[in-house]
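In the two complexes that follow, chain A is the common piece, with chain B as its partner first and chain C second.
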Partner chain A sequence: MAAPMLRWGCLGRRRALALVDGRTRSRRGAPTGSASDRIREQSSVAQQPVHTAQEPRKGEHKWAAVVGLEIHAQISSNSKLFSGSQVRFAAPPNSLVSFFDASLPGTLPVLNRRCVEAAVMTGLALNCHINKKSLFDRKHYFYADLPAGYQITQQRLPIAVNGSLTYSVCLGKPRNQMVTRTARVKQIQLEQDSGKSLHDDLRSQTLVDLNRAGVGLLEVVLEPDMSCGDEAATAVRELQLILQALGTSQANMAEGQLRVDANISVHHPGEPLGIRTEVKNLNSFRFLAKAIDYEIERQINELESGGEILNETRSFDYKLGCTVPMRDKEGKQDYRFMPEPNLPPLRLYDDASSPPAGTASQQVVNIDRIRETLPELPGVTRERLVRQYGMLPEHSFTLLWYTCCGCNWSHGCVLTDLTVSQVSGALNADTRQSPCPTMLTQDP
Partner chain B sequence: VSAALKQGQITPTELCQKCLSLIKKTKFLNAYITVSEEMALKQAEESEKRYKKGQSLGDLDGIPIAVKDNFSTSGIETTCASNMLKGYVPPYNATVVQKLLDQGALLMGKTNLDEFAMGSGSTDGAFGPVKNPWSYSKQYREKRQQKPHDEKEDSNWLITGGSSGGSAAAVSAFTCFVALGSDTGGSTRNPAAHCGLVGLKPSYGLVSRHGLIPLVNSMDVPGILTRYVEDAAIVLGMLAGHDPRDSTTVQDPVKPFTLPILTDVSKLCIGIPKEYHLPELSNEVRALWSKAADLFESEGAKVIEVSLPHTSFSIVCYHILCTSEVASNMARFDGLEYGHRCDTDVSTEAMYAATRREGFNDVVRGRILSGNFFLLKENYENYFIKAQKVRRLIANDFVNVFNSGVDVLLTPTTLREAVPYLEFIKEDNSTRSAQDDIFTQAVNLAGLPAVSVPVALSNQGLPIGLQFIGRAFYDQQLLTIAKWFEKKVQFPVIQLQEFMDDYSSVLKNEKLTSVSLKQ
Partner chain C sequence: MWGRTVWLCLRAPGGRYRGFSSKAHPPGSGRITAEMLQHLERHALVDFGNREAVTRLEKAIAFADRLRAVDTDRVEPLESVLEDRCLYLRSDRVIEGNCAEELLQNSRRVVEEYFVAPPGNIALPKLDE
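After this line comes the complex of A and B, so read on.
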């Protein structure tokens, strides 16, 4: 593992990006509607005071950054969200496209049960309230990889709301202090993935592959409770571990199964939140933190030199290491949301509520049954490792972090004390001075 | 005719050829966009084999049918009468088409319509307007003192109504026994009334929409056009039922449709909605409506006036919801995956714009623009949401009336009989639709079953129909009452003399034109 990068993160920076006053903010109400279009008016939940390595320069205003995330995870299922075509990575172009995926006129969506179960499992694992009734909507925009001219999503009433994602960051120098943070989960919604378009500038054409069109996605929306790239990346990594433990998504960023959009703004502590920008399609952990920290820095620079921040969408140019405005996302998009008329409300049941008489059993999804089948979550696994094997908490993080997905810690992993500490020791040797793994150089 | 086939009085091939020859003779009606001659003859051959073995598939085996060109038919061009889909050959059959084919029906072809089913005249399609066969009937021409063979007087031909005008004309001119239409605001019932046919709109959720190219997903249903109520019931029985491919079909099992013969109507309660007494209603239709009510009363039924208080809002409500859904449904026509694509290759946006301008007619484009307006964030609450609320009120009006003991409602289907094309086009599509759908579209907002039954000829010798509206999923009861009524009114058969010669001696003592499916 390479040396800890010179990160633009919360720590070791001269500008105090953290909240050094630690005052609790009062919440002014939950944001409503589509996340993309509103200027936030509420403050975030108070964060733990973060250690700053250096005091801010004299006369310099303090800045606080606020980061919210929209994470899209491809659901691990055999077939797509609304059609029977297969879900597979790297298949020949346009070989996994059903009539519905190609938007042939007259075709209708049919909801995939496995995707619903995956959403419920994920919601339960993130402590969400599962809505027993949720609705589907159409989000309209024209793009070559969106055959129907709209995406089916859940804007009005998603399947799960009001949860939390707990993660731990390492603080201090050396970074051996594990501090727990919580990011609120605003909602989880089911939606369709789009196809892929490849721009062939040489021949002035765009090639469209619809294999991915219609694949089920879980969009997990995290409230702006994070304050820098490192926290965001850690939160995403924790979510990734959870999804992998549940089996609801393989969440492999390299294969595009996990994609992150970040909403970033800066403000002076005590003042209202600033205008935020959206940085889209961050597809690796390394660039995720880097892009966020760059954007925070850019906004601060912009504001300090008297400029203003536009409510725009940007992407991260990994070659240049900076965020750039996205050309085709200029101006506000009105997605003309409309209820999806071909899908009745999705109704879920639990032990307390029974479906109408005569309902076929394969039409019934029972939340309590799903709760019973939830596997051990990473947080519990780590606690167990600490408890059972006397492992240091930071080692438990290391162990889980460097383990490939698919290793199920809860079943039959017989580890002797020796083995555990040997393994974690070996891992620690690899992390040089700090027992905490640095997120940014690993790309799981 | 089904019995005739079973008894060998006529073979499927003979029947098929008769109908094909009639199609050729009536080509000027422009009822068909595509005639699937080869396929029909092949199907007839197979049907014949089955009959010879005594293994007919049922009442529809060997029976010529036609399908409106907004139903997906595998291997047969499906255009929706639009330039956008000219040359589009779907790779699958709509569920209702498949069901009919599985019953052994012979597919004569795809019928003409208003482009994408938008219209009430079948005049605004890319393949030209459809002519009402009654324009050439003895009954009409006699009243106008015209000789039946006087082709020169063709400039004043009548519209069929719409948007399933092609299907109506096809059945009315005896080129088939059953035709599928679609009904979103009255598109099956309206042409049925103008062409002297039975036009059935089933309950929403009873029949699968998979494969029906949508206009308004929350209101569309496949419609059935036949000459007799019994035939409509037979076909409905074959089409009704849950389709896993259509999530809006109800999952309750559907019982087969056999219509009991109603003899005693004294237990029935017929409702006459007072808000349907419109000043625009023609005197003749009004008189027939009244006469029909009296008929029920004289036979012992209870006939009462009822109120549907939100009727006057239904046109506007329909307009908003229809255009909004249209704007959404038409978004997929971008020239990329199928259908028309323009020649521009400057950019994707330019390609979309040109493709959609070239592919859609003014009516479609107008509705898309309106719909997108209503769906804009700043308008959504005031228009779309409001309209949905009004829709709920309208639907509740019907529920309240049915809950008060009414079995069916009796209303006119159209304001008047079919008008000449030249008169019809004096107003634009939007105006005409608003006028002509007035009695029919509230039914679609509420998702109820309704049927138009031909009652009598007007002073001009043209058909007038009346509409029965039933409670949701009480389609069988609705049709039972309609059948009783049909028997009482004895609507005359259209007399198309010059084409009739072929038919006059097909069956021993019956003209083919007077037979229903079962016969």
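After this line comes the complex of A and C, so read on.
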């Protein structure tokens, strides 16, 4: 696995983002194919310029872009959030569905302890305040792959709030200056995934597979603290590494375990924020960065030519390389949120607060116990690589990006799935071309 | 969804609900606008197809509106009648599933092991269907 990843990395580097005057200029290849031919896509090095986001024009530095993200990460668990059916990718259609998942009358949700622990763990890793009481709500909308007509989520009082995600972006002409940025984490909420719809346009029908319906999701909401596609993709990449280090989500974008919605607006610095659009369902780093940069430029062009931005939902057309309005939602959505009557408040405990007398231990989730089990996080690993092994900071990033999965960092086995020559080759290549690892063009 | 929306748009301007809409609807009267009616129809997947149905809806709204007379300032809402109970936590074991055949019996149309739904979003069935 390591070798092809290294190769992709090198190819990716040639398609790297170049920063000009602190602004992003995209020089990436045209996207081809879908998530399923990801591998082919990775190795095709199309060099033609596609579009230029926020190209600095002479005398024009007046627009500032604001990007916020909603990231859905599938929780890595054996069974679903509220039912005992299995969680597995690519199983035969409707084979992993319980009566509750199909919302047959009389079925009730029973919360999976593992999903609660995963949410708490993720919240702690993102420096969140963990709410000792959180609530579940119903969010209503009609879609064929949502059999209940509502999704159980945490709208009023989510499980974790007010955290932060720290990530590093490369700046400077040789791209060797690592600058640390922080995006605030507004909240993390537990919610159900929906089923999958396969649209058969030819026969004008929709095939529905409910295997994914009811799988536990962590929705991580990042405040609009980012300003371009590069930053947003780097933040998501860092979140992916954290989730994988924690084991709370496999966060594999190609399998839809990590999906991103981006809220984008532009404004003049010092003035109130502009009207935002939401670009839905971005499921690769490349498309994420590209869609955001395209949307920023579209909004600037629209406003400069006297148009206005509509508060609308858009999707990214990877073939055309642009965002287009989504047609199936007209006007403002009314989700008719209401408290989920079948689930009492979720209560968590810590060493200072004890559960009511007689509560069985398997019914108690203790925040402090989970804190003790947190593994070393990517940021700490990098720091250690730099401090303990004298590695250049940018190399510590490269190394983590290449070896994110299944490697136990805490016991010093940093190079378990790389040979020494592969590593030195990658690091040398880095030094020669651009010392900064480029993560946007690869989707490990 | 689109068909439905277009249908509503076409119907509303000169449609039969015009008489029921009032721009000024004092609280408590339950009077609703044509716009609100469409909104409710779309969200409830119910067709308020005649005057009687709309009158009933307006009465229901007027009935529920009386709740607004209750002063709830500084009163914490009751989230659930079970709020003093612990939420039961299940251990992460696979104990269900593998019943596609049984579930698919509920479906009017099936292709292989898939449920078959109409394209796009769920449309409100027209009255004559």
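Rule of thumb we're sticking to: the second predicted complex is superposed on the first by the 365 of 444 C-alpha atoms of A that agree within 3 Å, B and C clash if a C-alpha of one lies under 4 Å from a C-alpha of the other, contacts with A are read in each partner's own complex, and residues count from 1 in each chain.
Convention: a contact is a pair of C-beta atoms (placed from the backbone, for glycine too) under 8 Å apart; a residue touches a chain by one contact, two chains touch by 3 or more.
This is a predicted model, so every value here is computed, not measured.
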{"item": "Touched partner set for A:Asn311, first chain B, second chain C, both or neither", "value": "neither"}
{"item": "First (chain B), second (chain C), both or neither touched by A:Leu207", "value": "second"}
{"item": "Which of chain B and chain C A:Leu111 touches, first, second, both or neither", "value": "both"}
{"item": "Partner chain in contact with A:Asn252 - chain B first, chain C second, else both or neither", "value": "neither"}
{"item": "Which of chain B and chain C A:Gly358 touches, first, second, both or neither", "value": "first"}
{"item": "Which superposed partner A:Tyr150 touches (first chain B, second chain C, both, neither)", "value": "first"}
{"item": "In the superposition, chain B vs chain C on chain A residues touched", "value": "C"}
{"item": "First, second, both or neither for A:Ser103, with chain B first and chain C second", "value": "first"}
{"item": "Which of chain B and chain C A:Gln86 touches, first, second, both or neither", "value": "second"}
{"item": "Which of chain B and chain C A:Pro344 touches, first, second, both or neither", "value": "both"}
{"item": "Residues of chain A at both interfaces, chain B in one complex, chain C in the other", "value": "99, 102, 104, 110-111, 140, 142, 144, 204, 206, 208, 334, 336, 341, 343-344, 359, 363"}
{"item": "Contact footprint of chain A on chain C as seen in their complex", "value": "1-2, 5, 39, 43, 45, 79-80, 82-83, 85-100, 103-104, 106, 109, 111-122"}
{"item": "Residues on chain A engaged by chain B in the complex (per definition of touch)", "value": "99, 102-111, 138, 140, 142, 144, 147-150, 204, 206, 208, 334, 336-338, 341-344, 358-360, 363"}
{"item": "Interface residues, chain A side, partner chain C - complex", "value": "77-79, 83-86, 92-100, 102, 104, 110-116, 135, 140, 142-144, 197-201, 204-210, 327-328, 330, 334, 336, 339, 341, 343-347, 355-356, 359, 362-363, 365"}
{"item": "List of chain B residues in touch with chain A within their complex", "value": "71-72, 80, 85, 90-92, 94, 209-214, 216-218, 244-248, 251-252, 324-325, 327-328, 330-334, 336-338, 345, 348-349, 352, 372, 375-377, 380, 384"}
